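After this come two complexes, each holding chain A, first together with chain B and then together with chain C.
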Partner chain A sequence: MNARIGWIAFNTFREAVRDRVLYNLIAFALIMTAAAVLVGQISIQIERIVVVNLGLTAISIFGIIIAIFIGVGLVAKEIEKRTLYTVLSRPVRRWEFIVGKFFGLTWTLVVNTFFMALGLFAALLYVAGQYTRADLWLLVALYFIVLQFFLMTALALLFSSFSTPIMSSVFAFAVFLIGTFADELHDVAQMLPGVSKFLVNGLAYLVPNFAALNVISQVAHGEPIEPRLIALNSLYALLYSVAAISFAALIFDRRNLK
Partner chain B sequence: MPVIETFGLEKRYLVGFWRKRERIGLHPLNLSVEDGEVFGFLGPNGAGKTTTLKLLMGLIFPTAGSANILGLPHYDHRVKARIGYLPENPYFYDHLTAEELLEYLAQLSGVDARDRKRRVQEMLARVGLTESSRMQLRKFSKGMLQRVGIAQAILHEPQVVFLDEPMSGLDPIGRREVRDLIQRLKDEGRTVFFSTHILSDAESLCDRVAVIHKGELRGVGAVADLTSRVTGEVEVLWQGAAATPALIALGAEVHATGEIGRATLAETQLDAAIDAIRRAHAKLIAVTPVRSTLEDYFVERLGPGASTSDAPREKTGVRG
Partner chain C sequence: MTRRVLTSVLSVVAICCLAGAMATAVALDRIRGDGLKEEELYLPSGAVLKRLSLGYNGLLADIYWTRAVQYFGDLHHEKAMRYRLLYPLLDITAQLDPHLIVTYEFGSIFLSQAPPEGAGEPQNAVKLVERGIRENPKAWRLWADLGYIQAMELHDYKAASKSFQMGAQIPGARPWMSVMAAAMAEHGGEPATAHYLWTRLLENSEDTMLKQNAANHLRALQVDDDIQRLEAAVAEYRRRTSQQPQNFSQLISAGLLREMPADPLGRPYTLSPDGRVYVQNPSDMPFITRGIPPGMKPAIVPQTF
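And now, the complex of A and B:
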């Protein structure tokens, strides 16, 4: 990573922190505390399932919301406020700006996820009394959630490179919902005739497969994750993010700033 | 050797929602600015000054034509490290302090890490913001933001500095400070290209000016030449109220305040006017040829109907 991308990423992270994005951690802490206390009366095994399910789902939802809402404004805000003028009149290439913004927001989300994960593990210790070997799979689930954030941030940047922030948010949410039900979409496609089958199948392949990155239920039940899935998901998220960011940079490179 | 050259640089926009119409932001512009010059880009609001600067900065793309800066295409990556730019009504990251902003922009300009802190402090001192350096920019006034804008434009010691309306939003003291700063940049051998609609600033600072109106270049000239053209009139200043009727009788435009009289008349009537003053036993104070001003040139270039008031004339000359 070149130095300019690093500085842009750092400034994006600093802006997110100073704009109080990390305040969502307070809401998360309250959810985890309430969950840990409330499930105290249920039996040991279900306590763990509830806390893991709730904790990982909250981490995922909070992060996706941040990725979409901050992501669609990353470039639009800089154009609107014209802060971009003093950046792009320097030896900064437009693609470097896009990539820097991407890393800035994903780094913010990684830090956010790290603190939430600490809260989740603390809640888990509180309800279960001790950690087991199966808890290690939680780290894989958290890693997959971070991969979801990479995809969502890349898509938010892509949509905002040619659309307004509001429309970009709508597109991003739609893609997230479709991607979450990508497997079901394939099932639906099997029941359709001819061209419709082809189109629905195409859509299911086009949107990122968030379903494949969701192993919350498995790890809540202490089931292991196959190493092959970890490798394939990593490769998939990497390729998809690179493609989305490349398109975003390509579009932004030709854009007249108002 | 020219440091800025444009070759038929042109910008057209499509406006309207349903029925797109073409609007010309900039007619083909051919311009060249020499090394070390302070070049004023003059025009009324909406004339195309900002469009030209945005084209040169690569923020918008030309419909036709090209531009070179420092002998390279204006969009070349290497050019950007050697130029500075102050946008019109600059706005910066709210969450940063002035010091942090300059540090960030110095990093992006590739200023060496060892020099960075020193350079930032020097710039803050140069624009008079040392005391506010740790205050978040959201709390800055318009004038303070303008100063930060100027500091960031010259932070990396660029060879060519582009300033879009640098005096905008500044009080008289601030304007004077910016004028001094531009003069200092010139003394340091840098080329300054600045847009303005305040003619007195251009007249006091620029070596050459260009006038642009409705996206079209209307004229280019050296300020010294434009302001040294004699108009064929002289201004006479004297002490002694008794001479006033004689001067009026000569057809001069006379303004008298107490004992001091001032008359503007044709150069051919100067001898008669001096005789009249002597005959009235009044004291001749000064005779000054009336010269054209930049404003005269500006109004003339803009064409009929462009001016809203009569252009006042400025006097320069030898005391009598």
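And now, the complex of A and C:
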């Protein structure tokens, strides 16, 4: 990564921290503490499963919300404050600006996830009394959640490269919803005839596949995750993010900023 | 007004109004009463709920499982005879997370046992466990649960024998599964078989509630056996002396009993003037079928939920 991208990423991270994005950690800490203390009293036999499900779901939802709502404002805010012109008047290419923003927000989300994961493991220790080998699979689930953030941040940046923040967040959220329903889209395609079947199937493959990145239920039951799934998900998230960021850079490069 | 005074006034107003709003909410809740909290499932389809959960179906399953436990616990506490929503709640939980084994293990107990101990829906319990077996083919314990329902609640010993046999073939299954299969096939309805089944469940369950349930059943079998034995002794005394015994001491003197008989909790049995033997407190003796004093209801399971 060149130094210019690194600086933009670092400043994006600093700005996110200054915007009190990491305050969500307090809400997460409260949820996990309440879950750890109360779960034994309101349910039976599934204390560990509840803590894992609740912890990973909260990490995922908090991160997706941050990726969408911060992601769509990354470019618009710089234009609105006119700081973008200062940045671009220096020897910084527009694509470098987009890539730097992407890394800055994803780094923020990784740091955020790291602290939440610490909270999750602490709650797990409190509830279960000890760690088991199966708990290692939680790390894979956390890795997949981070990959979800990569996709979501890239998409939010893509939409914000040509639209207003409000419309971009609507688009990003809609794509997230459609992405979670990718399997259902395939089912619908099976019922359609001819070209429409081909088109709907194509659409189902075009939208980001969030379902494959969600292994929360499996790891909650201590089920192992196939190495092939880890490899393919990593490749998928990398390719999809690079594609979305490339489109975003392409559009932003041609955008009239005057 | 200085800024400091304004801050104080606004803080007091805000706190008072919030407290007032909360008090009003409590009053509103009282006015609305239970009548408005209808016993309904707004989304009765687990498949739809799973789609709407956006992939977070694991957490939703935990919520539904907790809801099922609370629903059963509340009605059980009220000694209800009907648990209309229990099966739908368990079915939704199983659809949301098919690998949540507790849904099948505990859910089938809640469903199968006759009211007021359970919902009295053994057929639905069988359906639930069969779904669990389909979704979790390695879980041999679910075959034991199925066999238990078929034997104890449906009295279908042939089906129970087959279930224990199927479970016994799964790697990791305990050897007693094969013994149960054979026992069910040959001596299905006999108390000794039931005794063997509950003893194995007591030994092999890791959960306190399941252990408690098995212990209750074993105690009930013991009481049923004691009452039968004591009433036989009373009949024998009557045959020899042509008189009803007034107390157990007379039976001891006649050599028909060795000591004062007591139930498994150590409380002496009572002998009625007409020669019937009763337990002192049937509410502590769930699942007993004999020795219940006239006018008293069958026992309720102790409040374990």
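Please note the rule applied: the second predicted complex is superposed on the first by the 252 of 258 C-alpha atoms of A that agree within 3 Å, B and C clash if a C-alpha of one lies under 4 Å from a C-alpha of the other, contacts with A are read in each partner's own complex, and residues count from 1 in each chain.
By definition in this document, a contact is a pair of C-beta atoms (placed from the backbone, for glycine too) under 8 Å apart; a residue touches a chain by one contact, two chains touch by 3 or more.
This one's a predicted model, so the numbers in the text were calculated from it and none came from an experiment.
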Clash or fit, chain B versus chain C on superposed chain A: fit
Contacts of A:87 with chain B and chain C, given as first, second, both or neither: first
Partner chain(s) touched by A:46 [first = chain B, second = chain C, both, neither]: second
Partner chain in contact with A:253 - chain B first, chain C second, else both or neither: neither
First (chain B), second (chain C), both or neither touched by A:187: neither
First, second, both or neither for A:220, with chain B first and chain C second: second
Chain A as apex of chain B and chain C, Cα-centre angle in degrees (nearest 10): 150
Smallest separation of CA atoms, chain C relative to chain B, angstrom: 21
Contact residues common to both interfaces of chain A (with chain B and with chain C): none
Chain A to chain C touching residues, read off their complex: 42-46, 49-50, 52-54, 57, 60-61, 177, 180-181, 184, 210-211, 214, 216-217, 220-221, 223
Chain A - residues contacting chain B, complex: 3-4, 7-8, 11, 14-15, 18-19, 81-83, 85-93, 254, 256-257
Complex interface listing, chain B residues touching chain A: 54, 57-61, 77-78, 80-81, 83-85, 87, 90-93, 95-96, 104-105, 107-110, 149, 152, 156
Contacting residues of chain C [partner chain A, same complex]: 51, 54-59, 61-62, 65-66, 69-70, 97, 99-100, 102, 106, 207, 209, 305
